[in-house]
Every structure is written in structure tokens, then in C-alpha cells.
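Encoded as C-alpha cells, the structure appears first; notes follow it.
Each chain carries a letter (A, B, C and D) given by its place in the written order, and its residues are counted from 1.
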Amino acid sequence: MSILDTLTDSFKRFPGIGSRQARRFAYFLLNSPESFRNELAQQISGLSSEIKQCASCYRFFRKENGTTLCPTCIDPARDNTTLLVLEKDMDFENIHGMGAYSGRYFILGGSLPILSDDPARRIRIRQLLTRVESGASQGLKEIILAFGANAEGENTAQYVSKTLAPIAEKHTITITVLGKGLSTGTELEYSDSDTFVHALRNRR
Amino acid sequence: MSILDTLTDSFKRFPGIGSRQARRFAYFLLNSPESFRNELAQQISGLSSEIKQCASCYRFFRKENGTTLCPTCIDPARDNTTLLVLEKDMDFENIHGMGAYSGRYFILGGSLPILSDDPARRIRIRQLLTRVESGASQGLKEIILAFGANAEGENTAQYVSKTLAPIAEKHTITITVLGKGLSTGTELEYSDSDTFVHALRNRR
Amino acid sequence: MSILDTLTDSFKRFPGIGSRQARRFAYFLLNSPESFRNELAQQISGLSSEIKQCASCYRFFRKENGTTLCPTCIDPARDNTTLLVLEKDMDFENIHGMGAYSGRYFILGGSLPILSDDPARRIRIRQLLTRVESGASQGLKEIILAFGANAEGENTAQYVSKTLAPIAEKHTITITVLGKGLSTGTELEYSDSDTFVHALRNRR
Amino acid sequence: MSILDTLTDSFKRFPGIGSRQARRFAYFLLNSPESFRNELAQQISGLSSEIKQCASCYRFFRKENGTTLCPTCIDPARDNTTLLVLEKDMDFENIHGMGAYSGRYFILGGSLPILSDDPARRIRIRQLLTRVESGASQGLKEIILAFGANAEGENTAQYVSKTLAPIAEKHTITITVLGKGLSTGTELEYSDSDTFVHALRNRR
């Protein structure tokens, strides 16, 4: 197999990329200046030395001064009483950028399809238990599960709730999920029953 | 202009139908048996004699026995204390079919684009005032505005709220809107700030 | 079943219209002025008296003066030596509007899916044989089959060719099909083998 | 700017990739094993040493034994009398894979948008002139321009034709373009005039 095929196969592993676009990426790089290829290769292999994963929330951040915690986790202005559990870094970027939530975060690193076995290999459930235990001593009062509003997200929320239940009870910590209702763009003509029922219950 | 062009123009007024599909409809009818065309024509011209608009909720229903009220409005099992205001009949069909709401309905007959003038010609605001006045004497306690979660729906809700405010205050009737939050399918990575803020507030 | 359901069912028979849009059409008519509904019903039931099918090319045209032939078929300026066979009236409208073809037309009234039985009920093959027979005496030299470039169109072309072969041979009439090649928008990266092979053969 | 932003910017230069997907690629790599990142980086930086551009047709091929020509250009079984000029390597992969063309190839390396200045910087026109000159001594009789069937492709064909005209005339080489007509999927109802006119002319 030529390096072109090997590189195409690597790009096929990228999210949302099929064979043809992977091939197009390979040719795009061949047609790019060698300097661009070398920069890109260095950026990719340099990720390990410049980015680390936060020891508390598990999101990726820029390494600096040997700290093991990301800027958000060490920010003294943030509220220790709530912990927002998200599926992935892209969710964090979107939500954190809104500036509407002032508590702490935790990145679960995935979600659980229905009937998936070995959940602990798919999501950071053990790390979350550890985080909740240590949070309890710093005033943690509520864990907010913020997953996608679909079957997989609900399955994940159920599993996480059930697994956290004992420790939450022990420390009197509440577990909540984001509220459902009409989201921007929902039309009543097309809304599903689940969405309407919650929107009706959450009316104000 | 030939009748084919005239018919095409009529179909172009149908919701979501452009020139080409309107033309295709006209040819579809030409290629249909004359019996189908005659049935369709009778169904269309027969709407007036077989369907009437409810004098209370303004939705369309099948005329029977000279009643002026639709089956839902005369159903004694429904709750008089809440009135769900919807934009259109298709919204009613979807929401009513869910069976999750047990109160009364009102069909506004449209919505108000931002900066639209003469709102009373676009929506049944006068009829709604009359309906609220008569409802007040039958125990009405809450008006729930259920419009699309978009700028036009919000503008409509604002106008209706403001217009109903005096009569609602007089009779101690609350005006609410459907709750916002994650709706089925929402992903945190893509959710807008408005949706997230409400989902956070409505967490449970 | 109410007239609203009956009307919805009628609209569901329209090309490309599903349940929901059919229902929306019914409500659109209910919300339209009665005058519009009556005009539409008259246009639909009036088609039979104002439009007729040409006795030669079988397309629909506006009845006038008791003629049985459409304006294109009686136009003395058009060329009798070629006959363009099309699937449907919409094809005629598009092609004739271009002004690039100066011969005669025939509307087949359909196409033949692969393995369809009883072709003579699906397309006007008998009428086409009659048309070719009469055309032969007026100088017809070529029949051009102009069907969609897909499996169904090719199957139709094969069936029509085979069926016309004896009469064509008898009168020394050629049967041709439209040429294949790159059509507007085709990109070489995505073109299929059949298209490229013809484009290569038809290079100029 | 962090390395995550820099890497995101690099991916934004990839064909068809916007900001959000570029970001998602960066996080995908962060969440991948370090071994995958290192392999990918090596594949990218290794392109230069393992792939070279053919000195005759300018497509990319796997370096071997110090040859400067790709396997297709040195294949003695291919026909020297025709030269198919394509825009890019992806076109070559698609067309060559069909096995329907047996002559030589030339990759132009781009196309010319209308009114683009300095064409010689966008496409390999000088290299094509050289290739035609040397081909003339080896029996080249026809240059086939095979570009996309759109305004840009036609503009490219015009420019290349005009530029090659003197040398083609000198060596009695014909310049052709791929034929137009119905391509797989074209329907007569939607076909544009240009496509139909060519399909009519190329009928057979």
C-alpha cells in the first residue's frame, strides 16, 4: 500500500470523513507547499507536549508552569457548589463561551449508547466519582447532567445518576438534568410529545 | 391566459408550492380520470357546507346538528381553568393528538412578524379578548401562550400578553408561555445560548 | 370520515405530496376566502371542457374551434421529417420552450419501469405506431427517443425501439436516441463510466 | 494563540472544512492515542520523500528506483496518439479507474475562473506546451480537453485551446473537447438548453 493510501486511511478515521474526502485531503496536502505539510505534522505531533488534560475536569488545555489544573478549575471566582457534567470538549467550548453558567465543569469523555457494555471504558465514571468525593468537601451541592436530548444522552444520564446515587446521598448532593422544553426553532406543529409535555410543565 | 395557466396560478398560492410543482399539479389533474377531478372539485366547494369554524376556539370542525361549538369546546370533561392559545389548526391537531393537555384551546389564526402593522387583521385578538371575558365567568385562571420558539412567535406572545394584560389583571388570570429548554434532538455542542439558559433554569 | 379527511386523501394523490402537506393544503383552503375555493373548484372541473388532448401528439392544449390537433401539430412551418418522442407534457414544455428543435412531437404518456408488464397500458405505444404509420406518408425519416437518462428511460427506449422496428424498417425510418455526454454541471471527478465513455466518443 | 487554535486554523485550509469541523478534528486528534498522532504526522511529513510528481503528466505517484515518470506514462501498451488533459489528480483516479481510455494523460493542476489573471500561475500551461512539443515527435495526433461542464471548465478549455493552437497547427494535432449530452440522471423536464442541444446533435 502506498503512503497515499495509508494517509487516506488515516483521514478516514476523522469524524464525518468518508473515503472520497479523505482522498481529497491527501491530494490537497500533496499540492500544498512542503512548508505547510511540515508545520501541520509538527502541530499534530506537538499536541502531546503543549496540551494536557486537566486532572480535575479532564478537558484539554494549554500546558503552562507545570500546573495540572486548567484555568477554569483554578479560577477562584467560580462557584464550587455546582458541577456541570458534559459529554465532550466541544460542548464545553460552546457552553462556557455563553458565560451563563458560573460553576464547575466535568468532561465525561463520551456517552453510552443503549445496551452498551463496559460503560467504565466509554466514559470517565470512576474519575467523576473521585471528583464528586473531593468536591463534597469543598461545598458541592448539585451535579447537573447536561447531555444531548436523545436516547443516548438519556441513557447516559440514567447510568450516571444511578452510579452517583450512593455518594450523592451520603453527601446530600442533588443530581439534576437540564430542563426540556421548546428550543429555539421548535414549531408546535412539529413538536414531539416529550418536548411539549416538558414545555407545558415548565411554563412560566 | 389558458385555464391551465389559471389553475397553475391557483396552485402557486398553496403553501410551499412553486411554479414548477404548481404546473405539475395541473398536468397531474389533466392526466387523472374526470371522476377524480369532479370529486376533488366537489370536496373543495363543499367545505363551506360541511365544515364550520367553532364560535369559541375558532378551529374548523365538522358541522352537525346546528351546533356552533366544536366537540372539544363542548366536552364537559375538559378543564375550564386553562386556555391554550395556538397559532393554527395544524398546531391543534398535533398537540391535541398527544393527549397531554386537558384544558381548553383557542386558535389565533396566525402570528405577528416583527414590525407588522395592524395586528388585529392578522390574528384573532378581539375574539380572544371576548373568549377570555366569557371564560373568566367560568373559572378561567390561566392563559398559556403556545407559539413557535422563534422571533415571530415571541413577538406574537409579547403583543398578546400586553393586550390581554388589563382583562387578565381584572379577573386575576395568569398569562404564561411554554417553557424553553432542550427539545428532542438538541445537542449541547450546537445549542444556542437562549435554549441553554432556559434549560439550566428549568433543570430538575 | 369527515370531508377534511377526504380532501386530505385527495391531495395525498398529488405528485410529491405526503400526509402532512396534504393536510396543510386542506387547512389552507379552509382559511382561504370561499371565492377562491369556488374558483379553484371551477377551474378543476372546467378542465374537461376547456382542454383537450391532441389527436396526433397527445399533449394537452386549449380547445378552440373544434380542432382536434394542437397548434404545434398544425404548424406548417415545422419539419415533418423528425418526430421527437417524449415521456410527458412537462418535458414538452421544457424542450419546446428552448426553441432548439423544429420537428414534430409525440407524448408517450409515461415510461416503463424494468420488468413492468402490460406496457401498452402504461404508454401510448399503439397510438405511436399509428402516428408513425401516418407520418411515413408525410415524409417522416427519423424518430428521436428522448427519455430520461436512467434505467427506466433506457428500458422504455428499448421497448419502443423494438416495437417500432418493423414499421420503421418498412418505411426506411431511422430510430435514434439523444446523445449522452457531459451535461451542464458534470464534474469529471464524479462522472460515471457510462457518461464518460459517451462523452469521449462524442468529443468534437 | 494556543497550538489548538493553530491546528484548527491549519485544518480550516483543508477543502470543504469550516471552523467547527476543523475544531472537531483538533479535538479528535487530542482524544486519539499518541501513536496515531505520530503516525499521521509522519505520513504527512513523509509525503515528500515517498511521492513525486511525474515529469511528463504531472500527477503524483509513488517514488521507485529513481524514475521520473509515473507507471502510466512509461506503460508501452498505452496509445501515444491521444493526450487527455484533466484538471486534477482526483479526475485522473476516477477516469483512469474506468479503463475506458487507452491514451496518455496530462494533469493541468487547476482551472481558470472567468476573468482570472495570470493563468500561467494557476495551471501548468507551459508544461503542457512542452509536453505537446515532445509528444508531436512520438505520434501525438489529438489533445482531448476534459474539464468540468461549467463556466470555469469552459473558460479553461477556451484558454488552453487558444494557447495550444499554434503548436497544434504546426504539428497537425487536433484539439477536441468531451462531448455534451444527457448524463446519467438527466431528466428532460429539467434539462437545460445547452445540454439538450448537444444531446440532440449527438443523437445516434
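One rule holds for everything that comes next: a contact is a pair of C-beta atoms (placed from the backbone, for glycine too) under 8 Å apart; a residue touches a chain by one contact, two chains touch by 3 or more.
All figures in this text were calculated on a predicted structure; none of them were measured in a lab.
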| field | Path length in the contact graph (chain A to chain C, fewest steps) | value | 2
| query | Any chains in contact with both chain B and chain C? | reply | none
| request: Go ahead and note the Å separation of the Cα centroids belonging to chain A and chain D. | output: 41
| note | Rounded to the nearest Å, the gap separating the Cα centres of chain B and chain D is 55
| remark: Check: chain B positions touching at least 2 other chains come out as 88, 90
| task | Going by the contact rule at the top, pick out the chain B residues touching chain A in the complex. | result | 86-88, 90-91, 94-95, 98, 100-101, 144, 146-150, 176-204
| In their shared complex, at which residues does chain B touch chain C? | 2-4, 6-7, 10, 13-16, 21, 23-25, 27-32, 34, 36-48, 50-51, 60, 62, 88-90, 93, 109
